[in-house]
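Sending over a structure as structure tokens; questions will come in a sec.
Each chain gets a letter, A, B, C and D, in the order it is written, and its residues are counted from 1.
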Amino acid sequence: MGSTWGKRLKISVYGESHGPAIGVVIDGLPSGIPIDESKVAKEMQRRAPGTQPGSTPRTEADLPTVLSGIYNGKTTGTPLAIEILNTNQHSSDYNGFVTTPRPGHADYTARLRYKMNNDPRGGGHFSGRLTAPILYAGAIAKQVLKNKCGTEIYGHIIRIGKVEANSWEEEEMPVIPTEGTFPQENQSIGQRMLGEIEDAKALRDSVGGIVEVMATGFPGGIGSPMWDTVESAFAQLAFGIPAVKGVSFGSGFQVASRRGSENNDHLLFQDEKLRMATNHGGGFEGGISNGMPILAQVAFKPTPSISREQETVNLDTKENVKIEIPGRHDACIVPRALPVVEGCLALALLDVLMGKGEYSL
Amino acid sequence: MGSTWGKRLKISVYGESHGPAIGVVIDGLPSGIPIDESKVAKEMQRRAPGTQPGSTPRTEADLPTVLSGIYNGKTTGTPLAIEILNTNQHSSDYNGFVTTPRPGHADYTARLRYKMNNDPRGGGHFSGRLTAPILYAGAIAKQVLKNKCGTEIYGHIIRIGKVEANSWEEEEMPVIPTEGTFPQENQSIGQRMLGEIEDAKALRDSVGGIVEVMATGFPGGIGSPMWDTVESAFAQLAFGIPAVKGVSFGSGFQVASRRGSENNDHLLFQDEKLRMATNHGGGFEGGISNGMPILAQVAFKPTPSISREQETVNLDTKENVKIEIPGRHDACIVPRALPVVEGCLALALLDVLMGKGEYSL
Amino acid sequence: MGSTWGKRLKISVYGESHGPAIGVVIDGLPSGIPIDESKVAKEMQRRAPGTQPGSTPRTEADLPTVLSGIYNGKTTGTPLAIEILNTNQHSSDYNGFVTTPRPGHADYTARLRYKMNNDPRGGGHFSGRLTAPILYAGAIAKQVLKNKCGTEIYGHIIRIGKVEANSWEEEEMPVIPTEGTFPQENQSIGQRMLGEIEDAKALRDSVGGIVEVMATGFPGGIGSPMWDTVESAFAQLAFGIPAVKGVSFGSGFQVASRRGSENNDHLLFQDEKLRMATNHGGGFEGGISNGMPILAQVAFKPTPSISREQETVNLDTKENVKIEIPGRHDACIVPRALPVVEGCLALALLDVLMGKGEYSL
Amino acid sequence: MGSTWGKRLKISVYGESHGPAIGVVIDGLPSGIPIDESKVAKEMQRRAPGTQPGSTPRTEADLPTVLSGIYNGKTTGTPLAIEILNTNQHSSDYNGFVTTPRPGHADYTARLRYKMNNDPRGGGHFSGRLTAPILYAGAIAKQVLKNKCGTEIYGHIIRIGKVEANSWEEEEMPVIPTEGTFPQENQSIGQRMLGEIEDAKALRDSVGGIVEVMATGFPGGIGSPMWDTVESAFAQLAFGIPAVKGVSFGSGFQVASRRGSENNDHLLFQDEKLRMATNHGGGFEGGISNGMPILAQVAFKPTPSISREQETVNLDTKENVKIEIPGRHDACIVPRALPVVEGCLALALLDVLMGKGEYSL
């Protein structure tokens, strides 16, 4: 039951990279929310292969077909299902990894788990391609949040390899990266990040990074300790994205180095409105939202598919062997992953927000 | 439904800091597992107030009473319920925080969420005291894992304030901290960490830190992508512990700075046994365990209760005011939190392991 | 995870008949609901042994102790936990059933399931005694429903053995049985029902029956097809009560004999208010409430504990043997079960009602 | 979240009667189970419109297209998704029911619930057509059960209107109805049942009925009290099928009229094998399977779509009006519903069986 998520808003993701189609069923949406499909398409485009720096040359239209749940341009309130056809497969690229698993991939663990019955082509259900339906669900959640409480979600890249940028920890309204370019508001840092990606690519290697996402306008008082919080829900979701190895909120791992007197977010009335003087907590105290912007970071490992020679094993002959992985690879998955992370934040916020009616019956 | 967790093993935590009792119901344990209550007591003792460096002087026996689920020293397989009586409350210490919320605490968000109906004494259900029943559940999960697959769980502190220690990233069998002392195997670093805590205390301040936990002997092939993984389950659980702001696995946020060629864990046969050459993935590929040690890090903010003067608001008069928080505080929660994090790892491992029977029916 | 129920309102029931205590944790209640503990006690009293015709002479005070979740007489919104001490055990009565299982009891299936590790005394976790915490949760749910939407829940007995009474199918406001007497509004039928119980008792036998429950004032438009309906939720809950073998709604199994033209509930405006002309559907169309009274029936088998000689097996010697069951038995469980069924209806209504906020965000 | 079901095996059903497609995602299947698609197609055919006595003349090929989860003829273990295209819609037939709701249909409750945003064409997501994906999931579950423990599922009709047939209560291996004909093993009763349907049809009316399903070969010791039982799971599922008003097990509502001495299923060794002398319990004691055949009954109301004149209201003008429902109707849904009920039993059995690994870790 691993590909189903949510306490109230249930999403059920299906598909294999080289099967007929991938998609998602979203169950539990409120009815009557107008869905702007062009905005959804724009989100999908941000993740689509071939459009981002360092991304795989595989091109897929990635146009979702709505099968149910939208009628007259609005959500019906019954399950919203979509499919995305797979059209550009090169399955022959992927033969053999069942026997000589790629380092850093799920080839070996999938074999342990599924006893060679899973579809290995293109990574099957483990493929990063499966983040497209997650993103679709997230894009819908964004529109619901915007409609219901004016919440907006932003994201940028704060690290690629050795190049680091400022967090939005001190910001209340993010300096939004110019659309259509690399999602880092400081152009000079953005250029250096792109340089890291190019360098990795030139060496037939890959590079990791960190994204940061922010939600503005999310109401305070939402969530329930201990495990019905945006933090728990988002972390659970985000660790379902391939290559994610860390999740943090507000000042993240930095808080460990601080004193309480530095880290505590003081309350104050400013212009007769209550707020926190700082936002080290990333919008939460005790797991419940406090009205400040929600802020989270997600760390991605370098994409494991590199065409440099690597060491692995032959599981049949039980020998140590060397492997070179041909085919299409992303030198850096981070730019394409950013909208998926934003979508996961939207899903987590919406699922926990939907619980509000339980306690304010 | 925030205080209930688990897909298969359900834990339901109850209680308020200054109510009659706190406790937990654990539903779904296998039957016939011998429970060594002295080992459980030892775990509880590691978290009990007053026994750890920098901890609050509040002392509680914290002895759990088993109400059901253990018979003749073994789990019955029906719900295991315990209660821990609250005996040493000083409720008067906590009056007033409903009006002048403490910075960094849930006083304000709880007010938004519960409309002043929650029990504010000692933080009520938000209190760190509620980690005692979570730890109890974790201590039981440890014994089940040990019994069923020989899994052992270890933990140490890798950061207190500015003092950092080595991760177990390169270790396969942790250098275990000597029992009964500060949980850091390098004594000189341990002393410096204690110094950080003492310094904070002397300044009526507090300090944060990072713990790292490892599970050895956990079988490979366990878990299902995307969200039925130990990573998702552990992250969800850990963010339910008060003061946690970050969770990571394996090399954690470090992976973001690396190239794929550095970070990929190569496979090899060594002494005819398959293993990974390194463990940057922390025991997982694609969310499924690979047989290597499970490794995770959790970042804690400095405990927000400090007796130094802080700024906050009076919610009734709508004025900005100053506050000094009297009472018993931990200068550093990290040592007491470590066994709770270990317990959360045990719970996550067990819950996901219990799913194995679903696919190997 | 069998003893945990609920999508939004989670209840987790624990305890064994002859262990230290039984109880329940109720997670997810709205905050600020005044709880009248004397009304709860009255409900508990309706189920308590020794107070109902034909019930076991075992007497238990059955007074629940609140451990958390109620503060200043109102729900806090955090988990409500209670315990009921077991005080009047005669464990020696129950030895031997592990070897010679009682017909109609769970002795044999429990042995298959728990491999002799479960607590067999008094039926352990299978005991009808465990309906006391379910009833407690139901009594709380009744008060929340009453407070939030004026919903009231009623119940009566419509069959004991061969004696049948009218359903409330044609009623909109039930003719309430006089308090404190047998819950059947027709006194002459009630007397004959009591006669059935007395007859069974005289023969050291037992007898089954059917209860019917009704909720008035429950709003229309609540629930979601297919499985987030009061029907699904109530059926799931009710089959968790020992001895239940059938659940139906509205006209129940009678609908199978009817034509559509007889059975369809026509809509009409009456005094400018929309209603159904009849209530064969029991308050639902398509699983969603329609504003009519909610009506359900639950069939109970005769309690299997009878002191007449019965045939069974000795599982050790593998011989067919005869058994006589000494001890305290209910000749008819139905009167004591009625408040539990009412409570289950309250829980189902509340859980589904709590979902309303999800779609009317 | 109403259209998602299951504790371990998650099914997520989507679609509207007249939208592009309907379908289901099945998450959590074991891997490596050979799927005989021709057997699945045969099951689908049993439900398909136009092939059963008294069924609607709407014809749909109802051929499911597998989108993921089957590879090389076997389950992959990752989500199995299918779609069934809608090809034969007559949407104009259904206009107007939003204003003048059909008695016995969800038109009015859907309007309350979805505020006129749901797709009303053909009943939208409420349509009986949505049982096709449930049946698909059930047909897969049947094959998994057969493969894993030899379990077979049978079904027959035991009531149509006034005509009743014998239950399989006394049978251990059902007298299987001859394939391809009306599912009632007594041909003379079957003819009279068909007569009931014809009579109803001739009067432009409809008629209800009861189906009974049996599973043989299901192992004992499966399930956990209170709510992780086949009884709870099946009841929850079955009440999600449109028109179901009652669910019972074993002797069902008959047990209410019995004495304990008549009803208790005695244990005995027969040919050195343990069994029950009778099967009034329908295969369960205490919610746990006992190795006897699983037996359940489900009552269906007469299909509400009849072309006779009926009374209803105009919700806009607030007047009482008369309505005649044109279009294609089933005079009796029961024969087409039978395979769906069998499928629900298979799903319930499989979901609970999958829990076995949790306790026999």
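Quick notes on this structure:
The rule is short, and it goes like this: contacts are C-beta pairs under 8 Å (C-beta built on N, C-alpha and C of every residue); 3 or more make two chains touch, one makes a residue touch a chain.
Keep in mind that this is a model prediction, so the values were computed, not measured.
Considering the contact criterion stated above, the chains in touch with subunit A and with subunit D alike are B, C.
Copies subunit C and subunit D of the same sequence differ by a rotation of 180 degrees once their CA atoms are superposed, given in steps of 5.
Separating the centre of subunit A from that of subunit B, both taken as means of CA atoms, is a distance of 26 Å. Here the spacing of subunit A and subunit C, counted between their Cα centres, is 45 Å. Among the residues of subunit D, those in touch with two or more other chains are 1-4, 8-9, 13, 28, 31, 77-78, 113-114, 125, 224-225, 355, 358-359. The residues of subunit B lying in touch with subunit C in their complex are 1-4, 6, 8-10, 12-16, 19-23, 25, 27-28, 31-32, 65-69, 71-72, 74-81, 83, 113-115, 117-119, 124-125.
Residue ranges on subunit B touching subunit D, taken from their complex, read 8-9, 28, 30-31, 77-78, 144, 148, 224-225, 353-361. The touching residues of subunit D, when paired with subunit C in their complex, are 1-5, 7, 13, 101, 103-110, 112-114, 125-126, 130, 134, 159-162, 200, 203, 205-210, 220-229, 231-233, 235-242, 245-253, 255-269, 272, 274, 277, 280-282, 284-291, 299-306, 308, 310-313, 315, 318-320, 355, 358-359.
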